[in-house]
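Down below are the structures I want you to see.
You will see two complexes here that share subunit A, one where it goes with subunit B and one where it goes with subunit C.
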Partner chain A sequence: MKLNKNLAVSETGFIFNPTSGDSFTANEIGTEIINLMKESKSIADIKTALLDKYDVEGNQLEKDVDDFMVLLRDNNLIQYER
Partner chain B sequence: MNAKKRQLTVAVTGLNAIDSPGPGVAVIRGIRDCADWDVRIIGLSYESLEPGIYMEGVCDKVYQIPYPAAGTEAIFNRIEYIHEKESIDVLIPNFDAELYNFIKLSPKLEEIGIHTFLPTTAQFEARDKINLFEFGKKHGFYVPKQVVIYSVSELPKVAEELGYPLVVKGKFYDAIIAQTLEQAQKAFHKLSAKWGTPIIVQEFINGTEINVAALGDGKGGTISAVPMRKMYITDKGKAWAGITLEDDRFLEMARKFCKATKWRGGYELEIMLSIDGKPYIMEVNPRFPAWIYLTVGAGQNQPAALVKMAMGHDVKPYDKYAIGKLFIRYSWDLITDIEDFQKISAFGEY
Partner chain C sequence: MEKLKYERPFIKKLNAGLMNKFGTRTEYTPHTHIDGVAVKELVAKYGSPVFVISEKQIRRNYQNAVRAFKTRYPKVQFAWSYKTNYINAVCNVFHQEGSWAEVVSGFEYQKAKGNGVPGNKIIFNGPDKTVADLELAINDGAMIHIDHFDELYELQELLTRLNKKARVAIRVNMDTGIYPMWDRFGFNYESGQAWNAITKIMASDNLELTGLHCHIGTFMLSTAAYGVAAAKLSDLAMNIKSRFGKIIQYLDLGGGFPSANTLKGSYLPGADIVPSIDEFAEVITSTLLNYGYKQDELPLLILETGRALIDDAGYLLGSVLATKRLSDGRRATIMDFGVNILFTAFWYDHKISPAQEFTHHTEDMVLYGPLCMNIDVVRESISLPLLNKGDQVVVHKVGAYNMTQWMQFIQMRPNVVMIDVNGNPHLIRNKETIDTLHDMEVLPDYLKKFEL
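Coming up: the complex of A and B.
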């Protein structure tokens, strides 16, 4: 899965979808995930990077990142690669 | 030394910058923003309390004109009187209800030196909401299924065909969503009492509303098209804030509309993007929308381009606009004196 190509994401985590006109604010970790996705990192790589950086259980991180992906998908911010 | 700019006098209607605003003030702002001319703006008002009459920096002079119901002759006589005093170069009508008269009058106005840039009567009628379904079918647009009815007794059969919820629409304005036959019947009576018959019964399309302000050159070309999504809607369904979007589907629809109709002038496409991603045309408004100044802010000055085309100049189509540009409307209590109000209400000039 990858971020929609025309999405505008600011350093502060403000996300603007120019196709729908919707805007969102992500928290610090959400912004970090989105920025890693912008660098074309895979979800597995993102999970590994976050696990290295933060003091968190692997299962908990797995669940939180997956939930965040669902949130992004429900708001039409990502697309699944076929 | 700077070359002397061309002097231009433009007359504009729709000065009612109220909670359900006319486009006049926004059109004037666009024309004034264009650096190609020194413009004198003549406001044409119907009522004495239209805010655009009194707003600073909007009109240089305002004249009251007769309501459309007075007929073309009364309107022409009044415009001719104003023209003798002001030498109008271009006239831009901005209300649906007055357009029919001005389209009819445009050859006579041209004869006395007033240019317009309006669709033909046939173009104007083809996109009328009563004919919209046929129009969509003919030109390959998604349009909601609809049936035009004249009697409440036709409702049960139509409702069975379209299913619930359905939308009951007045001939000119207003739409009511009905979930049951009783609600649909009530809506029929309410709307027919207000606007007369026929009544339009339409399939309900659930989705996101998108509006496109566009300008056709009258030869099938699109000079400008800017899509906008309403971000805040008033209880009258009017946009109080909106944002420009990036989506080629909507630009393509505007181009296709201009090509199919050879539309001459400004118009607004009201689109419903259904949940399964189909862009339905819900209505085509035959003039600039009240939010037209957003097109200027986004880099496509549609009102100025219309003036240039009305004056016979070729205008190159715009090819880009700023995405994510917002407009936010606001209220403002303007203070004026009874003398000013008296001028327009007693003498019809301000």
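Coming up: the complex of A and C.
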């Protein structure tokens, strides 16, 4: 799984993909995940970091982050390596 | 270190220039209180889902409707349409306000009587009145509205047998320019069927024709149709006067005024397109006042308004059971209420608000109910904040027909609570339990045992 590294991410959650010209809006935690992915952190590490930081159950976070990955893929922001 | 408040991660593509087709922003302003009582508190005390009725709003609606008609016409009477919501507490708020009762079945009649409505203030409508029902109504002096010739003959035979008289009206159906025409109830005006029934009643010794009734449809968006209806009933009343010298005491224009709900497929929110009660009142009363009745022979105007008086006084509170993503990428949210208790989800795009504060992020989703059935869809597409399991929502304007047409299927019927005018909640109908089911079932002895 690879994030498109060219993504421009603003502090307010505005995201621009220069390759496609698409822009997006993300909430705080969504923006945080994208930034961590840009730093090449693994999904497992990201989950651990978020679990430490936010008041959320492990199962819930697991489900939500996985779902977020689907959203990123649907929007052509990540590619799965085969 | 204290942990931060969590929100599900979310990203949405920005479509410049595209209008959001999933509804207006107001749908997701949080609705945390009903008449001053916290939604959270109501759910904690009475469970989820739960219906909540605002007594204050019922009284406000009723008084507004009475004002609209009484400021335009001297003799007006409302009769609460029991089928719309026949929980006794609800009916009695209407009766306290001065409303008579309008019923369409034996058990509704019993309910009205049990609530203390005198027989001569009960209007008995509908095609299904048993001989026992009719006998009761005759003895109570109720207003019996005849629906078809079979009923007319049956009533005559019964009265002869009992050696009694009854006050009756006929229900008239007619072309008011509305399609489809409700011609299955009552006697048709244009074909002369209504006049035929009137002649038969006038020729009978034990039937006294006191009124004329119609109910031209429900959720009517045309005020003009009521002008046509008032004129056609008046035409019959005038002909009865000139032909038989008999003065008709009342014209009952039925119900049918819309609530502010949004009909499915309508682009504009209901509140923006439905005519107000005042507009209906203006058309009806001006038709009657200009029809040429003598001042002292003006008929009493009866209205059986249901939906418009109760819909916006009812709320359904519910909770998110789960969220998931469908194969086509859409988000689906599964609620603990569905079409089992929200029958009107088939007709309306109900307004639904979250019951707690949210960030400004919203997503488009399908709202499903809890039934294992494909038809169980509460909203096909709605834009709401990021809902999580356990979050609560408020469904608006559900007071009409849901608490009578609900079904006990897969889930049982929930509690119903009324918030009084001082902001105190009262349980007015208990939720069903397994005992509710068992009380009604009879298991034959030979089926009591089995081995597996």
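The working rule: the second predicted complex is superposed on the first by the 80 of 82 C-alpha atoms of A that agree within 3 Å, B and C clash if a C-alpha of one lies under 4 Å from a C-alpha of the other, contacts with A are read in each partner's own complex, and residues count from 1 in each chain.
Here is the rule we go by: a residue touches a chain if its C-beta (ideal position, glycine included) is under 8 Å from a C-beta of that chain, and two chains touch if they have at least 3 such contacts.
It should be emphasised that the depicted structure is a prediction, and the values quoted were computed from it without experimental measurement.
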Item to check | When subunit B and subunit C are modelled together on subunit A, clash or fit | outcome: fit
Item to check | subunit A: partner with more touched residues, subunit B or subunit C | outcome: C
Item to check | Geometry of the superposed three-chain model: angle at subunit A (Cα centres of subunit B and subunit C, steps of 10 degrees) | outcome: 90
Checklist entry - Looking at the overlay, what does A:Lys53 touch: subunit B (first), subunit C (second), both, or neither? => result second
Checklist entry - Now for A:Ala8: first (subunit B), second (subunit C), both, or neither, which partner does it touch? => result first
Next on the checklist: Output check: A:Thr19 vs subunit B and subunit C. Expected answer is one of first, second, both, neither. What do you get?
Outcome noted: first
Item to check | Partner chain in contact with A:Phe68 - subunit B first, subunit C second, else both or neither | outcome: second
Next on the checklist: By the touch definition at the top of the document, which applies to A:Asp45: first (subunit B), second (subunit C), both, or neither?
Outcome noted: neither
Item to check | Shortest CA-CA distance between subunit B and subunit C [superposed frame, angstrom] | outcome: 6
Checklist outcome for this item: Touching subunit A in the complex, subunit C uses residues 3-14, 325, 329, 359, 361, 386, 388-389
Checklist entry - Inside the complex, what are the residues of subunit A that reach subunit C? => result 15, 22-30, 32-34, 52-56, 60-61, 64-65, 67-68, 70-72, 74-75, 77
Checklist outcome for this item: Touching subunit B in the complex, subunit A uses residues 6, 8, 16, 18-21
Next on the checklist: Taking the touch rule as given, give the residues of subunit B at its contact with subunit A in the complex, in rising order.
Outcome noted: 208, 228-229, 231, 242-243, 245-247, 323-324
